[in-house]
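Take a look at the structures below.
One chain, subunit A, appears in both complexes that follow, with subunit B as partner in the first and subunit C in the second.
Up next, the complex of A and B:
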């Protein structure tokens, strides 16, 4: 295929990605160093009240926004350098907390709180998703062919459900004295409030995330199991391998590329954790990195969006993405070189 | 084919496996099933701590809204017949009456017809007839399960949820059509090029896929809000504000979805042997003609699969639509946030549940119809690495 033909085919898509992904990224980078604010002026106002004989006059200085001709507040954009980053990271306060080994001091800063949750959530859910997906896949693979379709159908439901709705549906099982909270209370014989502290909310989020992603892992692994070489399995049996050993030394090595694939996809998606925060309304206790940016983008009471801070927190979030992607990119690059050479 | 004896499972393991799968299926389906049950009850029953009262809804029943044995039998048998009809007769009708190249439209009309019949029968026809019959069927006519559709009525009619539904349809249809039309072209180009540039584009797309969407939105927001001012020198007073425009959101979602779309379509195109387009080229086709008349006709399964995933992305999106659309143009998923943020009364909460079930129902049908395509889409990227 000639280069010109290639451009004709791929052009529209590339143009779209350039306009709506690449340029916004550059824009975010630049925005993070600038800040747009209303211009304020200080005026002295003299208010006088009539008194007996003399007037009492008070002079107060008041700060108010400068209005333009159309009655809107004038704005100016100024270069602020790293200020937005400092506002988010609070390096001094954070360093103080680290030096004093003051964990709750560090967690008082939104960014570090969000980072802590995002990382632990991603790393804890990963083995759970892989493990559960693998177990379901192996179990379904040993079922009779006629009912596998139904099992796959039911399993796909948590995967395709709208994430916010999925999180809500779990939340409604627990909220107040919801049936599952009531069940837990009856079982543990104690009073439980699932939404009063961070760790119970995080547990529910973890449950939701595993419930939501395990079907994806299951379907991918199940497809992989269909291609396991039966001869290898049979020779393993002849060599006296037990069921577990066959799984450990034949099936899992065969599935290894798929396990890596699912892990990478899961890391990418889970690092973006966001819908859980909305669904469980947990912003008072638990927040994530992407939610932090979202929160800056929502207009505050006076209708202002903190674009500059949102951009800075976006740039900080992206550092994590780059770290996650490095091994993937290295592997792809090596494969590509091997194919070319 | 019988399983060799050495591979057969001991009975204990078999029982454990079946038990585990049953357990998993219950967990997978339960939350969805449960919100469906909750949505038909009065608030007191919906959020009761005793599961039995959620199912049977005593207080809903006491307020005179319930289903009798007779209602349930009639309802279930109607559902059974409509299901039989949709599975056996509808496909025949569609293939008989719709011209070959318009078969997609035939299916859409068919689905619409079935949906309409269901809504009419359950909403208009059944209630008066059954209320009349229940009056003198004695025991069979007394309500045993609390059941009310009032929350659905207030969500769809009073709170005008249908507006959000229409917006969702506009956005999802736009995203699916645009992203498939430019995605297939790009996927084909990338699959057949083999040059280094194609490789780098794919790598770039992989990086773009990993980006959190909020990063991109913080790039758009200031531009979209102020677009009228930026564009005024060029377009004069007609300059549009992109913020709140469904079309702008469609383009944003298409772009966000594009990396995934081209990866998936490329892997489907790579499954089609190169010799096919080469022979078309020898017969005198241009690249584009070969693509249109030789490759596309056998690519439909891949295109449908990719379209499903585009649909899911656009339909399920919360972040982009909630930030870039204003209240009048809101789609369904962000609109539901309005319900649980104003959690003043429990009725609001049950209405939120009803709205959530309304959003989930189309997805449920989607899996029923397209299960095989979804599975093949999930594995397409994976198996080939």
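Up next, the complex of A and C:
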């Protein structure tokens, strides 16, 4: 391809990536080293608030931001270096806990607690999604052509549902005496509270995520199955290969690039797990890295936001995603080089 | 068909004043942003009768209110606030002083409704709210239990109810992680007459009072639903309505729902009482809700907005929606559902101590308390971690060095 043609094709998308991905990323990176704060002063203020029938007026000293000449609160931005990262990672406390092999001590720090969940969630759901997607794809592929369309449509439905809505529906099915909890209680003849401990919540989250994402894996694998070389399959049959052996030695190697593709997408998505935390309101038991960023970012009752820590937290999340993708990217690169050479 | 469409479009475009009971026709486009509970719906519906008014009711309004009001011109003219959400607006100078408008159009307002800071009117209050004890009169009567006056008596009553096995859980509580559980801790703490933050802005919860509060919460937990950490006001209200719990501290604004025949199976059985006493005052805080007007709008818009507020908060609205809230507007008749809040106030409950630093410790409490309830951390570690979290937040905000 001529360079000019290449630029004409790739240019717009590169420009958009620069504006919407690269610049914000650099911005967030810089913000994580700076902290913008108001300048406070202590003033005596008389405040009158309503009561039940009578008003109470009290004079007390209150901390307020100093207002500038334009009527806006004065702010200063200071360079804080790694402080925001230290506040999130708590390296001393975490190292102490690691040295003493004190697991609950490490889990007492929000970041490490969130990392623990994010990693287990990501790594456990990955094989389940790939496996289930593959099973559905192979099953659908061996169905009669006349009903395939309908089956594919139905299997895709979970993927179409908005993630937060899906998570909320699961929550409503199980919370309190929700219908599924009631059903389980009737079946097992015991009192069940699905939202009372971490492991049941994590199970529901895993179930939800696999249910939601498996259709994506299925569609990709199903498309791949249409390109399997029939001659190879037939010769495998003649050689006496069983159904499983054909799957193991012919179909899966053929689908390998797709399996890696689905894994890459899933790892990236899953490491940013967030909808489940909000949808299940599980903050008491389970938190994720992305939720931590969100929590820093939203204003508290009095309007304070931790922009600096939120930036640091999202940089850490990004670094985490890169690390978790390295093995797969290396494999892809090696395969690519092997093909080129 | 075309005729029908025209009729529908015409109906949608008709100015509100043609069918509504507004005293005048509002000509200026006005928007409001407030919380979404029933009282706000009643007030904004009454404002809408004047036409040209758009209300946004959103329970998460605080996430966007400051940014929206900081825009110039402001994205909303009227803001719904409570004692805590007023703080960031005032701090950033985003609300308009209302003295001139009160003098001009505010004849109907009582002094109690005017929220003043250093003499200046910054907001107009419409209702007060407090959490107080609600209990099933029939159950307590059957078991011969007197109305619990403090948490020791609540615990004793809970033990008796538990033994009798008449409800699923003797106690309910608004302990959902975040705002709800933080407020319950604050209520108990203030009930002991202590302050959570010292004058030099250092935290003061990792002490005897803090240990006492956590210990009390731990003992109460044994009589509660195991899913208590996802239980918010609506959840507790429904547990009451379905006869699953016997006692709970709940918002006065939820009291009327107990006698709502369409939802409740316990109509007439729930009694409203004062919040349990701490050693100094009731373990509860007094809240108010009201409206502010944005500073970044024109004088003309501000006047129109203020007139709308006066229309939304008039006696007519209160009479039509008497039980939605404890209104502090002329015409309110305190009914049975207001009794608990009045008793709590009469016993001397403190106003919620809203301030910049309190927002930070409140947030740290909301995130940190769950670890004690689930048993992940012991009381001392929990309190120390929350203090640490507060120090990090306060330092980042620039409150302490």
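Quick note on the criterion: the second predicted complex is superposed on the first by the 273 of 341 C-alpha atoms of A that agree within 3 Å, B and C clash if a C-alpha of one lies under 4 Å from a C-alpha of the other, contacts with A are read in each partner's own complex, and residues count from 1 in each chain.
By definition in this document, a residue touches a chain if its C-beta (ideal position, glycine included) is under 8 Å from a C-beta of that chain, and two chains touch if they have at least 3 such contacts.
Everything quoted here is computed from the prediction, not taken from an experiment.
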Which chain makes contact with more of the residues of subunit A, subunit B or else subunit C? B
Scan A:328 for contacts with subunit B and subunit C and give back first, second, both or neither. first
Looking at the overlay, does A:193 come into contact with subunit B only (first), subunit C only (second), both, or neither? second
Return first, second, both or neither, reflecting whether A:5 touches subunit B, subunit C, both chains, or no partner chain. first
Could you look at A:119 and tell me whether it touches subunit B, subunit C, both or neither (first, second, both, neither)? neither
Touched partner set for A:19, first subunit B, second subunit C, both or neither: first
Once the structures are superposed on A, label A:236 by its partner contacts, choosing first (subunit B), second (subunit C), both or neither. neither
If you stack the two complexes on chain A, which partner ends up touching A:281: first (subunit B), second (subunit C), both, or neither? both
Using the superposition on chain A described above, determine whether A:176 touches subunit B (first), subunit C (second), both, or neither. both
A:94 contacts which: subunit B (first), subunit C (second), both, neither? neither
Common interface positions of subunit A, toward subunit B and toward subunit C: 175-176, 281, 298
For a test of understanding, state which residues of subunit A touch subunit C in their complex under the given definition. 35, 37-40, 45-57, 61-65, 67, 71-73, 76, 84, 87, 104, 107-108, 110, 175-176, 193-198, 281-285, 295, 298-304, 306, 308-309
Given the complex with subunit B, which residues does subunit A contribute to the contact? 1, 3, 5-6, 8-10, 12-14, 16-17, 19-21, 23-25, 27-28, 31, 36, 135-136, 139-140, 142-143, 149, 151-158, 160-166, 168-170, 172-173, 175-179, 181-182, 211, 215-216, 219-220, 223-224, 227, 233-234, 237, 243, 257-258, 261-262, 268, 271-272, 274-275, 278, 281, 289-290, 293-294, 296-298, 305, 307, 310-311, 314, 317-318, 321, 324-325, 328-329, 332-333, 336
Given the complex, residues on subunit C that touch subunit A span 62-63, 66, 83-85, 87-89, 91-93, 111-119, 125, 128, 176-179, 199, 201, 225-227, 229-230, 235, 239, 286, 288, 290, 295, 326, 328, 341-342, 345-346, 351, 354-360, 362-363, 367, 370-371, 373-374, 376-377, 381, 385, 392-393, 396-399
With touch defined as at the start, can you tell me which subunit B residues reach subunit A in the complex? 4, 6-7, 9, 13-14, 17-18, 20-21, 24-25, 27-29, 31-32, 34-35, 38, 47-51, 54, 182-183, 185-186, 188-190, 192-195, 197-199, 201, 203-223, 251-252, 254-256, 258-259, 262, 287-288, 291, 312, 315-316, 318-319, 323, 333, 336-337, 340-341, 349, 352-353, 356, 359-360, 363-364, 366-368, 371, 374-375, 378-379, 381-383, 385
